[in-house]
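Order of writing sets the labels: A, B and C. Residues in every chain begin at 1.
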Amino acid sequence: MTARFAATALNLSNYRAEKRYRLMLFSMTAMLVLPVLIILSILVIRGAPMISFEFLFEFPRAGMTEGGIYPALLGTIFIVLVDLVFAMPIGVAAAIYLSEYAPDNWLTRAINLAIINLAGVPSIVHALFGVGAFVIFFQFGTSILAAALTVAIMTLPLVIVATRESLQAVPHAFREACWSMGATRWQTIFTVILPNAISGILTGLILEVSRTAGETAPIMFTGAAFFLPFLPESVFDQTMALSLHLFVVSTQVPNVPEALPFGVALVLIGIVLIMNALSIVFRSYLRGKKKW
Amino acid sequence: MVTEPSRTKVLEVRDLSIAYGAKTAISGLHLDVFENEIFGIIGPANSGKTSFLRAINRMDAFDSAMKVRGSLRFMSTEVASWRNDYALRRQIGVVFPLPVGLPMSIYDNVAFAARLRGVRKKQQLDEAVERCLTRAALWDEVKDRLDSLGSQLSGGQQQRLTIARALSQEPTLLMLDEFSIAVDPVTTMRIEDVLKELKQEMTIILVTNLVQQAERLADRTAFFLNGELVEIGETEHLFNGQTKDQRTTDYLEGRFG
Amino acid sequence: MAEKSAVPSRLDQRDASWFIDKLFQVLMFVGGISAVIFIIGIFVFITKEGLAFLFEGFSFLEFFGSINWRPTSTNPTYGALALIVGTASITGVAILVAIPFSIGAAVYISEFATGKTKETLKVLVELLAAIPSVVWGFIGLSIMNEFIIEVFDVPIGLNVLNAGIILGLMAAPIMTTIAEDALKAVPDKYREAAEAMGATRWQIIRQVVLPAAKNGLVSAVLLGVGRGFGETMAVLMASGHAINIPTSPFDSVRALTATIAAELGETAQGSEHYGALFALGIFLFLITFIINLAADLVVRGIRKK
């Protein structure tokens, strides 16, 4: 009787301790998420009044203290598009190489290490590289091309990792079945592997758009300008960009109305978060449509 | 050894060894496979049966750990010396132990090989698909839903789909690796009937874990054990107790394996 | 005997698909190798631009021993000590902020949360990681600045504390994800074995799961440190950007990255100042390279076991 009671008491105290720890861990998780939700709502509350058709589609006026963000918005889109032209093919090719061709040797290990480091090297160092390589050495000047190339190289790991994961999720048996019918490696990749990994590639693309739109340091010396009274006409022109515009109006320009940078920040974060939310929805939609 | 010099050899294997890294899968293999026969291979798990099949269609090209040494002649030419190993594989149909329906429509599964050969005409493809599915005893079950996914058929149906796909290659050699593992007995019997007919047109290597299946189908049977060929002979003779090696008798009588 | 040419030569042709296959094999290889080329390219180009400075204006003792970063004075000095200390102090605060929350959140998500809650939390963490650094910088500059001035009653809210908290919030989602991966990698049979012995969930976590995932957690922290060293815009905007050896978290400091970002636009290409900024870049590149390499080696350690 006593022994049974003792056991119960122990269980009870364990149970209480368990509940305490669970609560503690949950609060820590909440503390991670909550401040950000609060900050985001402050951004929305203070930035939303700025958002209007004119704000999105007009040039800045009066030393950027009035008017809209049209050239910056458009410039970000230009940089993103040019970035995709480089980052997607190279990233997908690298992922295909690593998943479908690469033998287990020192070169493959070097490639993997390089990918980790491309993602880990500070963005400002990527900017220095962009200046040294694209602006000066290849003589693209400060241009959309130089900025997009710099960001593309910096964000390449994003595309590679997302694509490689989805390639490796395709069962090996499908490859063997194709090969044994006499399909070449490339025919196997093109007809069976890639169509079934398309979700990962598109997720990579969406994340690439979101990351590129948000980056500031790598473009500020390679192609993005503080202010331009006109739109770029080719990839060799400079452009304004949303991310840099936020930096400029919040730190470099005097007498900016307080709400203006909040509006810019809201548009920028809106683009980024919508893109990311899209990739999440998209992923769960495709998970429900598995073909095997 | 049973040798009939008058018959054409589809496969001549001389001193073949296969290793994965430091692990030996096959050593000193020596055998011939003749045209239009069903050649049975029996033996317990890990006796090197599957490795042998993989060496024939040069799957070592996709597996850097797999090393093949010795001589392996298919249609009188060393498989290693084919200039286009993909073309070699197009001559050899393979059916795996676990059915693999590719994640594309049933129609596309069966039309895959023909398309690889460059067939583009709809009518030709339609004919080939119907012919191969019929021969694999699957046509009646799927003719109304050729657009549905091959990877979502039942196990038995997927295995027949795999056979239809192998047949669509119009192969010289058809290799089946324990095809009945994931298939119900009725389907197994239907496939066995198909194989008996097919041997008029092609050579068949049948790796099986069922001794009786070899007895029912194979003209000659080889017994593999631990990566070595223990015995090879007319199936009839082996199963009539005319074995040369005690281990074969033991295996056939179910004492191990 | 078997006739010599049993394989008709038409069967063994290198056809179009063979050549296409080889072509794509080369193309994919070029894609794969590009990452290595880029990382070497980065090192080569920043070294190329910084080389002249390293041979002429650079003094090891001054660079690492002096706090006087005065590139524009008539007698310029390039002491990076204050910048290094600035970066280190911000990173230190950030790690202190990020470790408890990210490890705690990782444990909760991996060991306690289930179903919809788990999915939702993971999605939120992923969204947190997506917020651009310039937006974080702006948050530090506006919201966090006001907050610190009011709560701590200090004259300036742009300081080590501000930048550290911002950086901690930025690094936490990444650290959470990596730590969660490490916890997920602990085989369930460990948990089941401990459960069979009557251990509670918390006992299992503390005595079985956390020790087994130790390497992954260390690597998560290392990557957080790497992120801290490399972050640019947020630190530039939230730290106060004043050259200073901080004595309290309320002192403004200046970071290595922020110095490059703030000054590169004002320098003439090829000048000594320009070269000095690239020298900072080389230093940052090497530091983060080593941190990332270490994190990778630590993770590899678990896989080997």
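The rule we apply is simple: a residue touches a chain if its C-beta (ideal position, glycine included) is under 8 Å from a C-beta of that chain, and two chains touch if they have at least 3 such contacts.
No experiment lies behind these values; they were computed from the predicted model shown.
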Field: Chain separated most widely from subunit A, comparing mean CA positions
entry: B
- line: Check: interface with higher C-beta contact count, A-C vs B-C, is A-C
Task: Find the most central chain, measuring centrality by the gap between its CA centroid and the centroid of all protein CA atoms shown.
output: A
Field: Euclidean distance of C-alpha centroids - subunit A vs subunit B, Å
entry: 48
Query: How far is the middle of subunit A from the middle of subunit C, if each middle is the mean of its Cα atoms, in Å?
result: 15
Query: Taking each chain's centre as its mean C-alpha position, how far apart are subunit B and subunit C in Å?
result: 52
Task: Would you give the residues of subunit A that are in contact with at least 2 other chains, written as numbers and ranges?
output: 184-185, 187
Message: Using the touch definition from the top, which residues of subunit C touch two or more other chains?
response: 17-18, 21
Message: For subunit B, give me the residues that contact two or more of the other chains.
response: 86-88, 91, 116
Message: Applying the document's contact rule, which stretches of subunit B touch subunit C when the two form their complex?
response: 5, 8-9, 12, 74-77, 82-84, 86-88, 91, 116
Query: Given the complex with subunit C, which residues does subunit A contribute to the contact?
result: 14-15, 17-18, 21-22, 24-26, 28-29, 31-33, 35-36, 39, 42-43, 89-98, 100-102, 107, 110-111, 113-118, 120-129, 131-133, 136-137, 153, 156-157, 160, 184-187, 189, 207, 210-211, 213-217, 220-221, 243-244, 246-247, 250-251, 261-262, 265, 268-269, 272-273, 275-277, 280
Statement: Seen from subunit C, its contact residues with subunit B in the complex are 1-7, 11-15, 17-18, 21
- request: Over in the complex, which subunit C residues touch subunit A? Could you list them?
  value: 17-18, 20-21, 24-25, 27-36, 38-39, 41-42, 45-46, 48-49, 100-102, 104-105, 107-109, 112, 121, 123-128, 130-135, 137-139, 141-143, 169, 172-173, 176, 200-203, 205, 223, 226, 229-233, 237, 257, 260-261, 264-265, 269, 277-278, 281, 284-285, 288-289, 291-293, 296
Task: Going by the contact rule at the top, pick out the subunit B residues touching subunit A in the complex.
output: 57, 59, 62, 64, 86-94, 96, 98, 100, 102-104, 112-113, 116, 149, 151-152, 162, 165-166, 169
